[in-house]
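First chain A sits with chain B, and in the next complex the same chain sits with chain C.
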Partner chain A sequence: MRRPAWARSARVLVGAGLLLAVLICAAAAPWLALHDPAEQDLLAVLQPPSGFAGGSPDYWLGTDSLGRDVWARLVYGARTAVLVAVFSATGAALLGTMLAHAAGYFGGAVDWVISRAVDVWMSFPPVVLSLILMVGLGGGIDKVVLAIILVDWTRFCRVLRSDVVLTARRDYVTAARLAGYSHFQTVLREVLPASLPLIITLISLEMGIAVVVEAILSFVGLGVGATLPAWGQMISDARQNVATSQIGLLLPMAAIFVTVAGFNLLGDGLRRTLDVRATAGRMA
Partner chain B sequence: MTVLRAESVSVSAQVQGVRLRVLQNLDFVLNAGSVLGVVGESGAGKSMIGRAVAGALPDGFVLDAGRLAYASSDMGTMSAAHRRSLLGREIAFIPQEPMAALNPALTIGQQFGGHLARLGMSDRQERATAMLEAVHLRDAGGLLQRYPHQLSGGMCQRVLIAMAFASDPKLVIADEPTTALDVTVQAQVLRLIREMQERVGTAVLFITHDLRLASEICDDVLVLYAGRPVEFGPAARVLAHPSHPYTRALQLSAPVMHGERRALFSLAGQMPGLREFAGLQGCVFAPRCPVVQPDCGSVVPGAVNGVSCLYPDAVDRIVVPQFLPASPASSSEPVLEVSGLHCSFAKPGLFQRNRVVAASDISFRVDAGEFVGLVGESGSGKSTVARLVMGLTLPDSGDIKLSGDLLPASGGASRRMRLGAMQMVFQDPQSALNPRRRVSDIVTQPMRAVGSSEDEMAARVEVLLAQVGLSREIGQRYPAQLSGGQRQRVNIARALCVLPKLLVADEIVSGLDVSVQAQLLDLLLRLRAELGFAMLFISHDLAVVRYLCSRVLVMHRGQIVEQGETEAVFEAPQHDYTRSLLAAMPADI
Partner chain C sequence: MRKTGWKLARRVLVSVPILLVVSFLLFAALRLLPVDPAAMSLPPTATLAEIAEKRHAMGLDRSIPAQYGIWLDEALHGRFGTSISLRRDAGALVANALPATIELAVCAMIIASALGLGGGVLLFYLRGTWVEVVGDLGTILLLSVPDFMWALLLLLVFGVLVPVLPFMGRIDPGLSVPRGSGFLLFDALSAGDFAVLRSALRHLALPALALGMAFAPAIMRVLRSSLIDVYHEDYIRQTRLRGVGEVRILLGHALKNAILPTLTLMGVQFGFLFGGTLLIEVIYGTPGIGNLMVDAVRNADLPVIQAVGLSYCVMVLAISMAIDAMVLMLDPRARAI
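Let's turn to the complex of A and B:
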């Protein structure tokens, strides 16, 4: 039995591998970390990683300016990142996909209203829009997720709509209507399955974007809040001491890089292998 | 003078380590000033000849035996530079899709000028104008300023013919040049190719799947089957008195326009696919041959007088079954009555909205069990009528009665009344079958919509597949795993699932090979005898309509210009347009 094309793609395998590592960190954070991420040790601030001169074996990756364990904050930060990525990408996908199918399938006035809404929405710079939303909504991880959904559903809507327009014009969609299906059943049975590969790909890419947006929001202090460890927050904290200790800045940046690279590789690999248009040429 | 000569030419492909002979032992001679037709069904390898000459065989395909010679130089060993110097100058091509062959971003003048510049001509403007006038295009000067999308398909094809003949080529290769065109345009294009060819004394290699066309234009024909030549000789002899069972079967499976309406011969099975070529033994046609002899399966027939058959005398024993479509009883009641339908579409404009009339004052009736043909050219409004009848497009005015009951103009009631009573068979099975669903799922779609049980549906699948002549295993396959004919059968099976009283069929046999078409036409007649449905059969092929339908409606520019008994209309057409349609049909073979 040959593995399907997507499971043989190097991009997918590498991306999935990176994400698996992040996911394990997030899931096993309480066991991986030796300290509570919020626990302050004011006698041991800005320590270098253990093994370096002045480092202690107790703090593997050293401590920050308040004496908190960097390793603990990194793995707990992965939790925040993964939660935000999963929920905001799923939410944005649900909202965007529903509106895209309504617009592409019904066309006419429905399409016009939804497409114009997307146009207007997309003319706001996304980061500024999410900052405004955060100011309005208040802090917290749920608010971050909501802000990202409200900003990024347009990505799904715009890309999927053009796909749905093409599918909805096929005769088998008409045939389903003639067979007695309601509009909802027709979309669910005949149109949505054709968009699934694209939706999966977009979700993967959107998760990477969500991680970055969450980091930006936390960096400017409008993110998940001070009680939850977050990579953006860590960068923001370490920025003040960048002259004396660079490691506190570099590690969360590396974590963001690895996670986003994982999502992008996975998304790109899936796009190349699941998209019929990209693979059809090679199979013929 | 011989322009193109093939001496036991073979083209092979390496597929997963197996060498497949795509073309084998091809022998023919094409002399200056004559037209050689290469005739075969899809998959016979006819386009490979043109590609071999152009040096544009698909990846992995090679000309690996024999000699393909242009004038005196071998095309197989010719250098790429030498070949390039010939192509476009001495060897020109007329493509299948005229619209796709022209660059939409450049004017006709720019493209024609570019071509002439490549040929090294200086007086381009005059030359282009002269050539466009030679292909009977009016206002040639103005035409050069226009873009391809502003021209019709027929005009584009004329432009391409003018370009092909601009260099006074010695050889023109035309690969299905009229497939994308309407009948009346097709006749003009054929006449034009012939005219240009006679003017310059060019040799033409005319590739087609249509025997009638070949008999119309060709001096010689080469009939291909599964990459092997089965018959080669003068067109008059080969097509009128075929000596190979395959040619004979093709001839008998095409419906006729004149004389007695005869039953069609339907050739069982289908041509082996490329992957099956490796396992072929003996005569490639033997598995389907109606007059096969025991040694046909083991002995490869050599060509004698151009005929590759061990028993060329056997063709006389091929007989057409005595099955003729019975017309339904005359006292039947109407299933569908359409009166005064009018439909127009808004043409989007910035300031004013113009309306384009797609169908006006459409009135006709279809009786129970009756097959009614709807003919006309592309853009005549045939498909609009189909969509109006099915309720997929809403009319501006007019009534539709289904079994005597007036259908509401729109809304759920109108949809419910249509649901079990009428179904549609679509033109393009590629688009009509969801590639992600199994056949069994597709054909029982209407039952799933009303929530039938899995057992009921499984039983229905079995009945439906048997009715349309498909084996049970087909139910588990996906549309991509089926041949064109099989897909169209699935398409029909789905429409029959609810036992409709009326089928609306939009060009359902037009993309199919003649032998597959014959199978489907007979299938429809057999199914009518079993199930008794009526059909509105939309087609551009008058011969098919004559075979299938007892009455015919002729559409032109959104109106029904003539209707009546098929025989009467075709024998004594009253309207000018019907006459021009009939005149454009190639003669019977």
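Let's turn to the complex of A and C:
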């Protein structure tokens, strides 16, 4: 049996592989880390990785400015990143998809209100909007997720609405209505499946964006809070000592890059292989 | 040309209600915060009666729409309230900081356009070779490096490891800033002060490059794919049959049409880019509205957050309008509808 196109795409496979590695780190953090990520060793601050001059075998990626184990903070930081990515992308997708279908399917006044709301949201840089929301919501991982959902639903809504408008005009949608389906059933069974490939692609890309936004918020100190290890915090901490120790800055940045590249490769691969419209175009 | 002007005027008119809605949402959101501006602007020894009196004087005991009405009336007269922590007019603070941010954003947009458009054309020109495969994958990987990571990487490489460029502030501390518009490059040029110009350019190099690098790959990808679309059109084949050279077809005939979807994308991307200045300013210590915003957020300085938030919004709308104007000028079809 031939595997489907998306399972043969190199981008999808490499992206999924990178993400699997991050996921394993996140899931197995308590077993992978040899130290508690919050444990401070003030006699061993800013140590280089073991193997370098001054490094100790005890902290194999070194320590930060408070003597905390960098490796432990990296793997526990993966937990934070994965949680934020999954929940905020799912939430933003749900909200954005619902509004896009309401706007594209019903049209008229519903469409007008939702489209103007998107206009208002889009007139704000996402970074600034999430910063303002975090001031209002206060810190914490749940608040970060909520802020990302409230900022990024427009990414789904904007792209999907025009897709839904086209699908809703199809004859089979009218046929479903004539066959006695309610509006809700029609949208769920006839319209939504058509935009599913696009939604899946967007979710993958949104997860990458969520990882970056979480890092940005933690970087300016308005993120998940000091009790949870996060890559953005590690960057902000390492930046203070950039003149003496660079490895502490590079490691969390590499972690963010690997995760975001994983989501982007996966998303791009899925877009190329799943996109119904593009496939139909190629077959024609 | 009259139609173009009318279309642009309508865009300006549409942005007025957007600004009103944004300012109201911002106002309402900030009023729901558990901070009391009256208590914050009084000394800690103030009695509850004094706080209540101050609340009344500041209008905080009225409904949010009524408070918004007061704010709007004041704002339309150019008064945006007094900063709680800095004791200065919030509007004046923003006006002082905005030139630094605009200068950074404009330089970054120039870099992003040059890299993005140049890279897109080059990637398309080399289609079918190994460069395309590598470049295509490279742009995805480049897209995975957000602007603040470029900022930190460039700072690390060119500021710390190989210290060739400065990475703090807008100008060397020893130089005196020429008075004027606040746009350092412009002020230095008009004063003929080349030492200041050189210093300002050197200080802008890393932050502008960081921001530009983050937004170039998206432009590159869209330009390349719209060039591919344009090359399916008949007129390209006809031009080729007329004996026009490949380079001239690409730069003289195809690019003009392919650039339109790219411009539309740049309108959205440059809005994001303007928001990206916030973190770049924090990392490079640029005294722009980004640093103003972060300080205001940390001090819960509501009038400043409101004024800065609104100025970001105005800038994003202005950018998208400027891009719309460019599309209208380049595309006769957009004018006709």
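Going forward, the second predicted complex is superposed on the first by the 280 of 284 C-alpha atoms of A that agree within 3 Å, B and C clash if a C-alpha of one lies under 4 Å from a C-alpha of the other, contacts with A are read in each partner's own complex, and residues count from 1 in each chain.
Note that contacts are C-beta pairs under 8 Å (C-beta built on N, C-alpha and C of every residue); 3 or more make two chains touch, one makes a residue touch a chain.
Remember, predicted model here, so these are calculated numbers, not experimental data.
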Field: Three-chain arrangement built on chain A, chain B and chain C clash or fit
entry: fit
Message: After the superposition on A, what does A:V127 contact: first (chain B), second (chain C), both or neither?
response: second
Task: In the three-chain superposition, say which chain, chain B or chain C, touches more residues of chain A.
output: C
- prompt: Touching A:P193 in the superposition: chain B (first), chain C (second), both, neither?
  reply: first
Query: After superposition on the shared chain, which partner residues are touched by A:A176: those of chain B (first), chain C (second), both, or neither?
result: first
Query: If you stack the two complexes on chain A, which partner ends up touching A:G208: first (chain B), second (chain C), both, or neither?
result: second
Message: Applying the document's definition of touch, where does A:D119 land relative to chain B and chain C: first, second, both, or neither?
response: second
Message: Output check: A:L166 vs chain B and chain C. Expected answer is one of first, second, both, neither. What do you get?
response: neither
Task: Check the residue A:V135 against both partner chains and state whether it touches chain B (first), chain C (second), both, or neither.
output: second
Message: After superposing on chain A, what angle in degrees do the C-alpha centres of chain B and chain C form at the C-alpha centre of chain A, to the nearest 10?
response: 90
Query: Rounded to a whole Å, what is the shortest Cα gap between chain B and chain C in the overlaid structures?
result: 6
Task: Please write out, lowest number first, the residues of chain A touched by both chain B and chain C across the two complexes.
output: none
Residues of chain C defined as touching chain A within the complex: 15, 18-19, 21-22, 25-26, 29-30, 32-33, 140-141, 143-146, 148-149, 152-153, 155-156, 160-161, 268, 271-272, 274-276, 278-279, 282-283, 293-294, 297-298, 300, 305, 309, 312-313, 316-317, 320
Message: Give the list of chain A residues in touch with chain C in this complex.
response: 11, 119-120, 122-128, 131-133, 135-136, 208, 212, 215-216, 219-222, 235, 239, 242-243, 246, 249-250, 253, 256-257, 260-261, 264-265, 268
Query: In the complex of these two chains, what residues of chain B are touching chain A?
result: 390, 392, 418-419, 423-424, 426-428, 431-434, 436, 442, 445-446, 448-450, 494, 497-498
Query: What part of chain A is in contact with chain B in the complex they form?
result: 170-172, 174-181, 185, 190, 193-194
